[in-house]
Amino acid sequence: MSKYGRRKAKKVGLPPGTLIHVGERKTEQVKITVIDYDESAVRESTITKVEECYPFKDSPTVTWINIDGIHDVDTIERIGKNYGIHPLLLEDIMHAGQRPKIEDFEDYVFVVLKMLSFNEKEQSIDTEQVSLILGKTYVISFQEKEGDVFEPIRERIRNAKGRVRKMGADYLAYALLDSIIDSYFLILDKIGDKIEALEEDLMARPDAKVLQTIHFLKREMIFLRRSVWPLREVVSNMLRIESKLIRETTGIFLRDVYDHTIQVIDTIENYRDVVSGMLEIYLSSISNRMNEVMKVLTIFASIFIPLTFVAGVYGMNFKYMPELEWHWGYFIVLTIMAVISIFMLLYFKKKRWL
Amino acid sequence: MSKYGRRKAKKVGLPPGTLIHVGERKTEQVKITVIDYDESAVRESTITKVEECYPFKDSPTVTWINIDGIHDVDTIERIGKNYGIHPLLLEDIMHAGQRPKIEDFEDYVFVVLKMLSFNEKEQSIDTEQVSLILGKTYVISFQEKEGDVFEPIRERIRNAKGRVRKMGADYLAYALLDSIIDSYFLILDKIGDKIEALEEDLMARPDAKVLQTIHFLKREMIFLRRSVWPLREVVSNMLRIESKLIRETTGIFLRDVYDHTIQVIDTIENYRDVVSGMLEIYLSSISNRMNEVMKVLTIFASIFIPLTFVAGVYGMNFKYMPELEWHWGYFIVLTIMAVISIFMLLYFKKKRWL
Amino acid sequence: MSKYGRRKAKKVGLPPGTLIHVGERKTEQVKITVIDYDESAVRESTITKVEECYPFKDSPTVTWINIDGIHDVDTIERIGKNYGIHPLLLEDIMHAGQRPKIEDFEDYVFVVLKMLSFNEKEQSIDTEQVSLILGKTYVISFQEKEGDVFEPIRERIRNAKGRVRKMGADYLAYALLDSIIDSYFLILDKIGDKIEALEEDLMARPDAKVLQTIHFLKREMIFLRRSVWPLREVVSNMLRIESKLIRETTGIFLRDVYDHTIQVIDTIENYRDVVSGMLEIYLSSISNRMNEVMKVLTIFASIFIPLTFVAGVYGMNFKYMPELEWHWGYFIVLTIMAVISIFMLLYFKKKRWL
Amino acid sequence: MSKYGRRKAKKVGLPPGTLIHVGERKTEQVKITVIDYDESAVRESTITKVEECYPFKDSPTVTWINIDGIHDVDTIERIGKNYGIHPLLLEDIMHAGQRPKIEDFEDYVFVVLKMLSFNEKEQSIDTEQVSLILGKTYVISFQEKEGDVFEPIRERIRNAKGRVRKMGADYLAYALLDSIIDSYFLILDKIGDKIEALEEDLMARPDAKVLQTIHFLKREMIFLRRSVWPLREVVSNMLRIESKLIRETTGIFLRDVYDHTIQVIDTIENYRDVVSGMLEIYLSSISNRMNEVMKVLTIFASIFIPLTFVAGVYGMNFKYMPELEWHWGYFIVLTIMAVISIFMLLYFKKKRWL
Amino acid sequence: MSKYGRRKAKKVGLPPGTLIHVGERKTEQVKITVIDYDESAVRESTITKVEECYPFKDSPTVTWINIDGIHDVDTIERIGKNYGIHPLLLEDIMHAGQRPKIEDFEDYVFVVLKMLSFNEKEQSIDTEQVSLILGKTYVISFQEKEGDVFEPIRERIRNAKGRVRKMGADYLAYALLDSIIDSYFLILDKIGDKIEALEEDLMARPDAKVLQTIHFLKREMIFLRRSVWPLREVVSNMLRIESKLIRETTGIFLRDVYDHTIQVIDTIENYRDVVSGMLEIYLSSISNRMNEVMKVLTIFASIFIPLTFVAGVYGMNFKYMPELEWHWGYFIVLTIMAVISIFMLLYFKKKRWL
């Protein structure tokens, strides 16, 4: 996905449902891992042939098939065919740059959303598209590359911690969703830190770098909003759809995810307001400083220009200038100059410019 | 809760429903007080063992269990188990930083909201999370620390003042809600005072401190809005839910609370408009002053620079400069200078710069 | 009510329904007048004992009880008790600072709204709270002080002008509402005059006073909006409620009131836009003038600074400066100076600074 | 109607339904014309006595009664009485300054809207209120003065062009509505021309006149919006009302009018955006020019002030100043001055100020 | 269509349904091409007489009739009559400048929208109106001129690629819609490139040209929004209408088009935010530079003006000025001047102006 969320135009003109990878290729090798579990047992395996994950479709145990890498048309197509996924969805899966959305089919629910991570090196937010297919007894997740925020869930499945082993595929899907949204809080924390640091800089030295940081933050906010706002609708739709795939007991957990989403949105809006306020402070402090510069200039100019004029007068070479002959003339003029300066200074004092 | 409403990220990765305290620990000792009453009698006690408050669940009298301190997992968990509260709610209770919300269950209604108080020392608004569980004959309230705005209600219960002793648990819940929202008016009064003081400062001396205060107020407004806007939805939901827990007679009181909430929101929006207007005044008064500074500079420069030039001309050392030889040359030049000055002054007068 | 619509906080902590007057006391003596009429006759009286107005409750004639002064707990309470008004409403009546609202009960409809008047002396808008209780055959109106916009209605009742004597209490309530909203047009006219005057000032001399007036108008608008926006909802609710108290024939009159309310809101929004536009004009005219000041300064400085430099050069005291010896040196230098000036002036002309 | 859409306050206090003309009187003589037609014949006449138009009420032919002039109470009242129009509507008809609206009665539909025309002389938009009463077989139109945009419709009726003669009164009402809304496009064209002219001025010479034109256009937009926005609701209501007066075949034509209304609104919003953008360009070009002025000043001052200082130094009259005695002293100093100038110019070049 | 989306006013006064071409004539010759296909065969032909395309109306095969050129009343009218299209729609078809919309009739669905293309020469967006009539077995498309984005669809029909040959007219209509909306992404890509280029310019040299480009982009955005926002409604209406013409299997494809439309809108809004942010950066960088210019001026003036004054003092011609007689007087004064300069420089250093 390009910097401003552009969708690469290379697909234009192809028939709908044509599978083609759009976006940066983030991994070389497609990696498929399967975790199959019920309350009593867990089987975890890395798969080399796509066919190995076919049989899980109808097994009674809960299966989580995770695919890292979405650029391989063949793999996606074969999984899609086996699990009966609509070609348009496969197209969406392969097309990094989707807007978060949920689609409800007869046999499965399709969710696409963004996993965010903070790139410490470039001090920016990295985004990775995650697509989820929730079937009756399976969840298939597609990621752009290896490495995710799901490790704690895997741990919980392995160690039968929490509810996850006792519940169905819908709970697993919920857990994945929840951990993605939870990870947004990490991003928000990072941004919160940046805002606080910025705030101190703003007070100490409001220079052009501060302005750049403000605008950087503003743009990150635009970006975050774009990723998170549609999420609200996704989760609320998920709550509303009357799919037999989502049990009622999972509903309350989804409501919790919904609350978190609202909270993320709330915080983003909050940050936006704060950052906007900082821009205002910055701009008015620039105005203030300009004012101060002007005052210094005016004070200097207003005091010395008249004095210089007086000196200029007595520097004229007229033959007949009586003052020049006076014995104390020079000192009288110096005194007059001093008086003018004092008068000017008092005037500026009164005007509160000093 | 951090300065900008960040949710501490330490929960990320834990299974949902894991009880862990998030937020600043505001009290050391968890304190549980129970007030149990009906129309004829009141029993008030401080409890040391959690188990002591179990029996009230099914007693016909109205019971108000108040817990100060939400950091103790064990206490919360045992109360939760006894009263049948969903683990996700317990998680919310322990997690300071919730957005105000209401959730309607079969046996109880859960409300979380913010109690605000004005911190005179730091001149800022302190926030404390209050969670309410309204059951058939009991209300459980969770606060972050001792000290609250409920004292007048306790008094009324003790002295059988008002309706409270004659009515059920739903009326008690309403009374708690009402006293929290009423206390917002105290905050708004404080802010109103600040705004009025600021207004005077703005007229008298619009300096950088004024700007800081404006921005401080703006941020407090952002903060207040965040706490109060969701409240509107909470109260209006409370009015709408068809829970057997909320009697019709309490409805009209809730409508009153709703009105107050609207009024709080109204006042906040009003303040926001006023503060924004003040920022505008500030900025234009800065512009005005810059203008004035510029005028002073321009007047001084425009009058004396030509005069200085004239003096410079007659300070030249050319051998043949006839004017220098004239007897009245010096005085003629002085007169010309005076005429130039007067002309300039009239020009500036005409331009309304003087 | 305070300047920014604050609700005095002195009520906080009291049980709901406690009657206490909040707001400025605007009259000393409570005055109760009763107008009782049907198509054939009118009886008008000023009452000294509250009890005298009890019997009208069930009389078949239409009765209008008007109470000037809302600070007397006892009066309000006794009327309330006799007419069966809910204590929370009595609380609202005594509490100047309500948001306009309508509440629909079984036996009566409660409406609270603001009567505005233009205070010529302070050139600001005065506000007075009016509460109406519409029963089957009576209307009770509560005002903060004597003096209102209802005089023409009284006249119409006395002289059987218009429909009022032929119709019921609901028509009377409508007439009161209508005359209050009509009086807003007077306020809007005053403000319109102010805006037009301001506009001329803005063109003639955009000084700091203009800025102050703009901000004054802006704040009055904020204030007006606050009073009028909720009114829209009040009237539209009144149209919608299916109360047996409001006959269908009155409906069309209420629709007319609704139209007027919309028109008031429209005009206010219109004024707001116009005043905002004026602020923009003001700010850009300030910018323009700063620009002009800068140009004058720059022209003066740029012409005379080089000339002064030339004069300075020939004022140096070097022993060997050939030009000084030339017989026409002085005049050559003067000519050069003139040429420089002309060149500069042409340059500024070209730049359109002159 | 006053400049900012104020409703004259002279009506305040009168009983509702009192007929009184509000607004500027735009014609002296009330003129009533009647066009009565069916598919086979047309009868057109100017009426001198109001009574002459009474019989058309129940005639099976379609009748269009047009009244130019709304200030004559008697005429309006008698027509109203004959055609059974509600007094409040008559009040609205006589009151120029209505907001566009539609009201649906049993026997007729009432529509009030604005006919706009561009006043070439004053270069502003003139407004005229048009009220329509659509009955079963008649349309009554009220205009403030003679002269309208309906001439083409009259032509079509006379010459049996288009559908109009074959269809009922509802189609006639639609045709009137359509021609009014169509005429808005003429206004928009005029404004579009103005905007384009302004745009060129803005590029060529952004002076104070441009600013005035921008604000003039802004205000015209505010005015237009006010007239057109409610129209949208009017037409959409007309589409929705289930009146037996509006046949289904006319519905599709109304949908077309609705589309045009949306298009008018769209264009207005578009213009608003463009004009706002122009204000921004204007303001930033002012900033840019200020910047340029400042640069010229700074360049002049920064080059000549140091040089003048050097000249000043060698203009001092100290007895012992060795440089003054050097034979080439003068030329050395001139060279140094040249070097300083060149250095300064290079510095400004580097800073991109030249 | 004019620059700001004005509808040419030449239609005003004509009866509704009058066919007249409005807009620029973009092609001389009307060209009609017919593609008629079913799963087994394709027939493609260019038609010279309108009558040749009449028989396809009721043929069981899918027929796509494409008309390039909308200025010929006769052609449009005859096609319209044969296919039973409402005259108002024909009017819309001939009137370039429609707002995108959908209308649902008994026998056909009418859609009008904009085809956009980027004009490389003028670096602006060209727009062409496309109207679609979807009947049971045919699609009629009207374009303003030859050349479109439908070529890939024609290829797919010819080569039986994808689904298109197996499905009905509704799928064809979808495919046309899809390819138009897909082409918007090409436009967005172009604009995205421009924005990125602008961003670099903004950092490197924020001059007046940058400002112009920002405003150019802003206006293009206004234009794009106007074309795309109504599209959302069009597609969502298309999803909702219960027309027997749109099969359920096509529904999911329309949902995909809807997603793309949302994505286009999203990207436009995103760009708008980014461009607005750039304007802010531009304006604050202008302020920053003004500040810098002021500082340079102030530093120069503040250092040299006092020094020049000192030199002026000792250039006075008083008879008795003891310092002038001192042997080291000159050097002492030079030293004093150096000290003053150093002091000033340190002062500015402290103020962070250097």
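Every chain is named by a letter (A, B, C, D and E) in the order it is written, and numbering of its residues begins at 1.
FYI, a residue touches a chain if its C-beta (ideal position, glycine included) is under 8 Å from a C-beta of that chain, and two chains touch if they have at least 3 such contacts.
Quantities reported herein were computed from a predicted structural model and do not represent experimental measurements.
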Labels of chains that are neighbours to chain C and to chain D: none
Contact-graph distance - origin chain A, target chain E: 1
Interface numbering overlap (same over half, different under half) for chain A and chain B: different
Centroid spacing, where centroids are CA-atom means, of chain B and chain E in whole angstrom: 42
Whole-Å separation of chain centres (CA-atom averages), chain B against chain C: 26
Touching two or more other chains - residue numbers and ranges from chain E: 287, 290, 294, 297, 301, 305, 308, 312, 315-317, 321
Touch-based graph of the chains, sorted into line, ring, star, complete or other: ring
Round-the-ring chain order [start: chain D; next: chain E]: D, E, A, B, C
In the complex with chain E, residue positions of chain A that touch it: 2-9, 11-18, 86, 88, 98-99, 101, 103, 205, 208, 211, 215, 218-219, 222, 226, 279, 282-283, 286-287, 289-290, 293-294, 296-297, 300-301, 304-305, 307-308, 311-312, 314-317, 321, 323-330, 333-334
Sites on chain B touched by chain C in the complex: 149, 151-152, 156, 161-164, 175, 178-179, 182-183, 185-186, 188-189, 192, 195-196, 252-253, 255-256, 259, 262-263, 266-267, 270-271, 273-274, 277, 280-281, 284-285, 287-288, 290-291, 294-295, 297-298, 301-302, 305-306, 308-309, 312-313, 315-321, 352-353
